[in-house]
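By letter and in written order, the chains are A, B and C; residue numbering begins at 1 in each of them.
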Amino acid sequence: MTVRHETITVETRRREETIDITPRVKAAVTRAKVRDGIVAVSVAHTTAAVFVNENADPDVQYAHAEGNGPAHIKAVLVGNSVTLTIRNGAIELGTWQGLYFAELDGPRERTATITVIGD
Amino acid sequence: MTVRHETITVETRRREETIDITPRVKAAVTRAKVRDGIVAVSVAHTTAAVFVNENADPDVQYAHAEGNGPAHIKAVLVGNSVTLTIRNGAIELGTWQGLYFAELDGPRERTATITVIGD
Amino acid sequence: MTVRHETITVETRRREETIDITPRVKAAVTRAKVRDGIVAVSVAHTTAAVFVNENADPDVQYAHAEGNGPAHIKAVLVGNSVTLTIRNGAIELGTWQGLYFAELDGPRERTATITVIGD
């Protein structure tokens, strides 16, 4: 069994922003050479989050960050980690799905950790 | 260590609906013959979700889908994957807990992926 | 590969309350002697949840439990499990991050399960 970590840096430019990190997570999975397993992506920040959803429509991405609740609450509701299946060497994502980093109190330099575990 | 995937099909019949997939996930865990580990259940859709909660009261299940936000936002808030413990060959679920598939923009034919990892 | 479970008991004293379980989860990871892997923390209750966020400001912790929605809905939105990376024998948590148990319908005696998987 393999366990492999990578930390990526995400440079945000606005107070609230979502950034597509799908290509970087896919690349980390490829480098881990794991055919079957899972990948966990997490953020070590209290005002940032990660989520899986549509990559075609920016409005959809931003809507979750609207309103007047504080960034911490948004981070709790969106969540700070996602776990996805790796099958035949690829992340199991739907046609319209992407993996997004949500900045909720930027701009800042942020990091996300990608952990791949499997065979 | 074993890594085993199964994909199940979920046929939804309404615009918003929750469907109990607990028996099917339990059966997948039994087939994987894993005594100790974890099981990750995820959906590869941007307007569907999975969650763990009560299976006794349908009203509870539907309430999360009320309101006027779009299905994408609901999917982000509810989440597209859950991770549960497998202990002594069984999923660690509370007496009142079940695993539910949430349709947020149906009816459609949907799928969910079950990945078991452990010994 | 190691898979190790621990169940901890959480005694809540109020109807809505968050309890810092970070030290207990860290201790469980140390006892598991896993250097690289993941840890999944989950609750087997339908009106309790776990989340990762700030440990410095109690107001932040309680805010997510405000409003008039029922405890079940809050539990679904906050989520019943979190998955974190274990790297070099330690849980990868940010400076301001802690792991919290959220009581949403207490007071009660609750449990949480910690599963460590890795090498």
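By our rule, a residue touches a chain if its C-beta (ideal position, glycine included) is under 8 Å from a C-beta of that chain, and two chains touch if they have at least 3 such contacts.
Source: prediction; values computed, not measured.
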item: Rotation, 0 to 180 degrees and nearest 5, that superposes chain B on copy chain C via CA atoms; value: 120
item: Interface residue overlap between copies chain A and chain C, same or different (over half shared); value: different
item: Gap in Å, rounded to a whole number, between the CA centres of chain C and chain A; value: 20
item: Touching two or more other chains - residue numbers and ranges from chain B; value: 1, 77, 79, 83, 117
item: Contact footprint of chain C on chain B as seen in their complex; value: 1, 36-38, 51-54, 57, 60, 63-64, 77-79, 82-85, 87, 92-94, 96-97, 117-119
item: Residues of chain B touching chain A in the complex; value: 1, 3, 5, 40, 42-46, 69-70, 72-73, 75-77, 79-81, 83, 113, 115, 117
